[in-house]
Amino acid sequence: MILVLLLAVPLVTAAVLVRARGRAAAVAHGLGVVFTLGAAAAVAAAVARDDSVTAVDGLLRADALSAWMVALIDLVAALAGAEAPRQAPLGAGGRFYPLLHLFTFTMLLAVTTDDVGLMWVAIEGTTLASVFLVNFERSRAALEASYKYLLICSVGVAIAFVGTVLVYFTDVQRFGHEPHALRWTTLLRLAPELGPRVLELAFVFLLVGYGTKAGLAPMHTWLPDAHSEAPAPVSALMSGVLLGVGLYAVLRFKAVVDLATGQAFGSRLLVGLGLASLAVAAAFLWSPRNYKRMLAYSSVEHLGVACLGIAFGGPWGLGGALLHLANHALAKSVLFLLSGRIRAAYGSADIGAVSGLVAVMPFTGRAFVVAMLALMGLPPFGLFVSEVMVFRAGFEEGWGLAAATGLGLLVVAFAGLLRAAHRMAYGAPAASTAVRREAWQASLPIVAALALLVATGVAWPPGLAAALGHAVAALAP
Amino acid sequence: MSATVTAAAGAALGLVAAAAGVAGVLGVEWSLRVPWLVPPGGLELTLDPLGGFFLALVGTTAVPASIHAGGQRGERGGAAFLAFVAAMAAVPLAGNAITFLLAWELMSVASYVLVLGARDSRESLSAAWVYFVMTHAGLACLLAAMLLLGSWTDSLRFADWSAAPSALSPGAGTLAFVLLALGFGAKAGVIPLHVWLPMAHPAAPSHVSALMSGAMVKLGIYGLLRAGLDWLGPGPAWWGVAVMLAGTASALVGVLYALVDRDLKRVLAFSTIENVGIVLVAVGACMVFRASGLEALAVLSLAAGLYHALNHAAFKALLFLGAGAVVRAAGTRNLESMGGLVRRMPWTAAAFLTGSVAIAALPPLNGFVSEWLTFQALLQMLEIPRPELNLVFALGIAGLALTGGLAVACFVRAFGIVFLALPRSDQAAAAREAGIAPRAAMGLLAAACVALGLAPTLVLPALAGVASAVLGTPALDAPADWLTVTVSGRFGGLSTVAVAAALGGALLLPLAALALARAPGRRPGETWGCGRILQTARMEYTGTAFAHPFQRIFDFFYRPVKRLDIDVHAESRFFVRRLAYENRPRPIFEEWLYRPALEALHRAAHRARALQSGSANVYLLYIVAALLVMLVLA
Amino acid sequence: MIAEVAGALAQLVVVAGGAPLLVGVLRWLKARLVGRRGPRPWQPYADLAKLLRKEAVVSTTTSWIFRFTPYLLVATTLVAALVVPVLVSRPALGFAGNIILLMYLFMLGTFFLALAGLDAGSAFGGMGSSREVAVAALAEPTVVVAVLALALRAGTIDLGGVVERFAGDPLLVANPAHLLAFAAFFIVMMAETGRLPVDNPATHLELTMIHEAMVLEYSGRYLALVEWASAMKLFLFLTLLANLFFPWGVPAGPGPLALATAALAIAAKLAVLTAALALIETSVAKLRLFRVPELLAGSFALALLSVMSVFLLR
Amino acid sequence: MTALANLLAFLGLVVTLLIVWRQSWRGRLRLFALQSLLLAALAAVIGLFTGKAGLLAVAGIVVALKAWLIPRVLSRIAAGTPPRPAIPGRSSGMALLVAGALVVVAYVVMLPVTRAGDLPTEGGIPLAFAIALIGLLVTVTGRDALGHTLGFLMLENGIFGLALLATYGLPGIVEAGVFLDVLAIVLLMEGVVLEIRREHDSIEVDRLRELRG
């Protein structure tokens, strides 16, 4: 029941916002954000109590892993929702707000359904819901970005569909037309007896397909374009959680395939993709020119790390990957939101055009620097801890060389990000930019997100370790 | 945060750390576990003698640095300063890898923020960049090594590592040692990982430089000791040889660059590299002795190294604080614009002179004691029955001796050019003495230099205790009576108290004799200059000129870029209008090692940019290619 | 106890009083060797006395360091005189340190003298200091390695211990390692005490001076102290050469008779060394400043060879 | 059933190769509609033989959606572009060769699948997969938005065929979602492409190369 509510809230909000204007729209948007967050909390509580909740004849099912993703999606959605009115006028009609909530809905659906096919549909739906969000500014560049986004992600997800069909095929072959043959719960139960060769084949398709959505190199090419051209709240959602949803699909499938083929097969492919992502990201982060693209490439980097974590496996690797997704979601969405403000103030997304940020925008500049430090994986922020966990898994599970390579590439990316942060944050401000006063209310969500990052880095909130443990356990019951 | 609050808090923190550290050195054991803090694994702090020593070192350096900071109005970064001190105090206490890495990186972050301090200049930005990237690369090495160790021993607790060094295969141990040595060496400023040091130290405010140089760099040595002696147990002799050679190279390269640099704080930074090198020579000797089964000598070497680390903390912090006062007063870090400050800033001058004498290892101050001890340990190398190791030791000894001589020259230059003769700029001529807080801080440190110099009989047994605790050997029977330090039976003895007393007496003797003889007085006159009159500052020997013989002698090392521009008068070439002469040493490590590496990286990154060509078809092709490649692999 | 004090005093008197004579004899011998009559050997005493009576001119640019340095210089050499086994193998301050202490004591003097050279602000002073510290720095490794060669073979680095060890076993002296170390140490001695071919103690041509340029600004009693100290330094270095490498006739403890024979022995050995020094000084030309490192590198090579022969031939 | 299914799959492949060969967009659209009809027939055949009524409905939807609605939308996208691309010297021979190679690749890749089961329809599985791969090829080599979309739809058709042949249809809710998705993609594509045309006066994708690096 609670799951239906969780999904209904954004859907209803989207529907209302199609019609609502003015103050009503503001109220609807605000309520939608708050209720979604509340529903996510309720789901988390329910899962913590009952291990999993189901609805609609088991079509919707949330276990600890789903709850983890739901919490992430709704945290970032709340952050983005709070920032959105700065970027897009609320209450003037238009497609932006309905689509924003629809986008949230599709992501929530993707992580709360128990049906592999429906998940595929939902993930395809995330693309569809967000294409016009990317093209919100309707500039030439935004148009180009949204075209490539639509094309590449559609093709990628179609490839994932091949994998889904193959999984279904082997399932049907072995057990006949079982009513819930495409459910995670069923697949996990039956996996040890499924044909390993077909599952291997299927996994390749699934990996390429959902890897496209997760922004893993070399399927990441849509990502810098779309993330840099989308309005800040949309970039935050896409970078923060949409990629994570893609990786979530890979993670689920890997758990199934591992049961049939053993760990090594999937891990090898994932290590390859993870390292490729890190390498590509490192190369593009070395001397970035556009800060929104820089943030996008950094997403490739962090998804690469999470991918490595999944590949390395074990409680450290999986837990690290999930925690990394969460930390990255927080840090990256904060950065994208701030980048929206910076772009509004400087009128350009070029790094060269921005200087003296700390002097010009005292809060935004400082928060930007702090969030960049967090993004670079420094303590006391959570990404440090999750990276340590991932690499610990690497060394522990016998992927020493891969882990070492990954560490080296992270250093390169670090150097590039630091240089860009220096260029933007310090130096003499451009003459045309006046010092801006910033309302303190606007900074609250961002401060809260950064505080949460410190918490995941230094002292885990009560229940976090347990939630992480349950989420990992959900993969291999 | 106001400067006073920062100072008080920092000093309090330092005092607590120092007290705890001394307790640890004296054998007090203490540990603390907080499972919910510092995930995953939990905060774990343990105090043991080695950790206690470095904790005390951090604490005692932090006290004067904080006091000095209290005198700096308008200096930013109070919170970062406190975080820096706290993180440094946490590093030697850390009892598991996660705690250690967290404290270690927090220390780096805090010091990075402090280096960034005057962030409006490009110079300090690039210094901060180089510093942070180097330190992060070092962290990556440490992380890899610690996680490797963790996976081999199935634990991230240091206690478990120390317990199971013999379980590691030699190859594994070596891999871990190399990685750890790289990581810790980068922090300690070992050649060729030192490049951040001469950039970051000048960029930071002086009390921060003092802390970085006095304490933070030492924590690199701490890590190396932990790695080489504790976690990885007695390694093969070549580890020690490698450390020793790296130390010798660092000492020589450091002092050679210190000798020719014109930036006062860079001179001190390079000298830090030198002193770290000296410590590492002792540490390396300790490792070789231990590998050869000579435990008493290993203890002596290690104690000497620790002593030098402690001494360096005292005199380098003193020198940095002094340099800070000078730079503030003269408005420049350039040696060639200073001069004559001994009359404008007598207290600072006296303190700086004390530090210079100490760092030049001249008796009876502290630098001499530790260098003497190091020599005593090295000179007994004949106990090792392997000629090739003996040769390494001989080279180490010679390197150390040359370093000592060059350090004397370096600090003659540093003190002489800055403080003596006539001021070379208007601002130096109008310099004002530092305030009461900086003077107090410098006074404390100068007193520490003297005390550590005169009291080896008290300090050495404690350090030998630390060393024997680390090495797991029974404590040596008292190597010192109240007056004289004796090493290795009757091999050598030293009594700085006696020397100091004798020097004092010998100073008084001629004074008294001359007074009794009623020697004629003195009268002021101008400096003689072959009959010319009117002495001006432009006639003085410059720092560059002073270093010139060294630049000629070590030409093969400096590889200077020479440039001579003579702008002659249009009508006759004998009338020179302007003459520009440049003779800048070439930073060979930057030019031959780092620049090519960075350029290669840059080129590679640039090439890789072609990947994102803008064509949707190419992007789709990537997907197909990835699919096909993975199908083939599967 | 009284004997100890007497021994210490005797040693001080021999060094402090004998040093000017040594310099005088050296000058006299050098003059004779080149066919001049030369000043009388005790001329330095007269010079010192004259300087002490003169008024000192102190440059207005100088600070207290300039005035303090001569006293410190004398003090370091006097302390050194109590460390070096001149008359007895274990002098009064022998316990307080060994040859490393001794070298660094001399270095302390050099340090302050170089500062004093810079203090007056003249180019000569700076030039002298710069060159002096360069030579001293380069001489340092040779000293230590040569000492190492001795220490390795004597099994101790204690000066008295070395003397006693070699005195007890004369065969140890007749060894290539020993002679190599001696040669190395001799060269270092010439560099440290500013003798030809490194520095010309008699020159007053500014551009070739090292030590003299540095002390150019000193006059009156300050100059007297500086000159006296450098004479003592020469005396001590020669004594070290004599007693470390040929430790015959150095008694272990003080006693009137022992002291007297020791005084005779050291006088004889110093006479030989002085003659050798004079001979060398008259037969070589001063090296160009930038050839000096080559000489010192040569001496370092000798010392290293000596050390290697110890552990290779054991 | 085996023979019919195999025949239909084979015909589908032939039509696909013809799409690669044809260069006029009108011809290609017609061939695409034909391909979709063949798929619908396949669905109907399988539905009849296995007694799954749902598949008959699916066949109907395919006819309506892919053989009628989508080609119409596509022709709206293409309206205004010259029927025959005016690039001289361009031949589809190379593309046909690659497509032929892809058929071989499809056989090799699908070996584990054909070996795993004993389906009567397994002979058609590699053919359907080949259609999907060729669709990918058309997408990758497409020079304008129409080519991209068409290639994507062929990919979709191939996968649909694969699903039919391998599993006799997916669960209903999935099928419904897939159809919705395809429709939405095409409609969105139309929106985006029309905007591109407004902005660039062309739907050639070579102009969409401003975002790089």
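Annotations
Should a chain be cited, it is by its letter among A, B, C and D, assigned in written order, with residues numbered from 1 in that chain.
By our rule, contacts are C-beta pairs under 8 Å (C-beta built on N, C-alpha and C of every residue); 3 or more make two chains touch, one makes a residue touch a chain.
The structure displayed is predicted, hence computed values, not measured ones.
The fewest steps needed to get from chain B to chain D, moving only between touching chains, is 1.
When each chain is reduced to the average of its Cα atoms, C sits farthest from chain A.
Separating the CA-averaged centres of chain A and chain D is a span of 31 Å. Centre to centre, using the average C-alpha position, chain C and chain D are separated by 99 Å. Centre-to-centre separation between chain A and chain B, using Cα means, comes to 44 Å.
Centroids of chain A and chain C (each the mean of its C-alpha atoms) stand 77 Å apart.
Annotation for chain D: residues touching 2 or more other chains are 109, 136, 139, 148, 208, 210-211, 213.
Residue positions of chain A touching 2 or more other chains: 147-148, 151, 155, 159, 200-201, 224, 284.
The set of chain B residues that touch two or more partner chains comprises 609, 612, 616, 620, 631.
This structure has the following touching chain pairs: A-B, A-D, B-C, B-D.
The part of chain D that touches chain A in the complex is made up of residues 109-110, 112-113, 115-117, 119, 129, 132, 136, 139, 145, 148, 152, 155-156, 159, 162-163, 166-168, 170-171, 173-174, 177-178, 180-181, 184-185, 188-189, 191-193, 195-196, 199-200, 208, 210-211, 213.
Looking at the complex, you find that chain A touches chain B at residues 147-148, 151-152, 155-156, 159, 200-201, 203-205, 207-208, 211-212, 218-219, 221-222, 224, 265, 268-269, 272-273, 279-280, 282-284, 286-287, 316, 319, 373, 376, 378-380, 384-385, 388-389, 391-392, 394-396, 400, 403-404, 407-408, 410-412, 414-416, 418-419, 422, 426-428, 456, 458-460, 464-465. Residue ranges on chain B touching chain A, taken from their complex, read 36-40, 98, 101-102, 105-106, 108-109, 116, 119-120, 122, 125, 128-129, 132-133, 136-137, 140, 143-144, 147-148, 150-151, 156, 601-602, 604-605, 608-609, 611-612, 616, 618-620, 622-623, 625-627, 630-631, 633-634. Only residues 609, 612-617, 620-621, 624, 628, 631 of chain B touch chain D when the two sit together in their complex. Of all the residues in chain A, the ones that touch chain D in their complex are 59, 115, 117-118, 120-121, 124-125, 128, 131-132, 135, 138, 140-141, 143-148, 150-151, 154-155, 158-159, 161-162, 165-166, 168-170, 172-173, 181-182, 195, 197-198, 200-201, 224-225, 228-229, 284, 289, 293.
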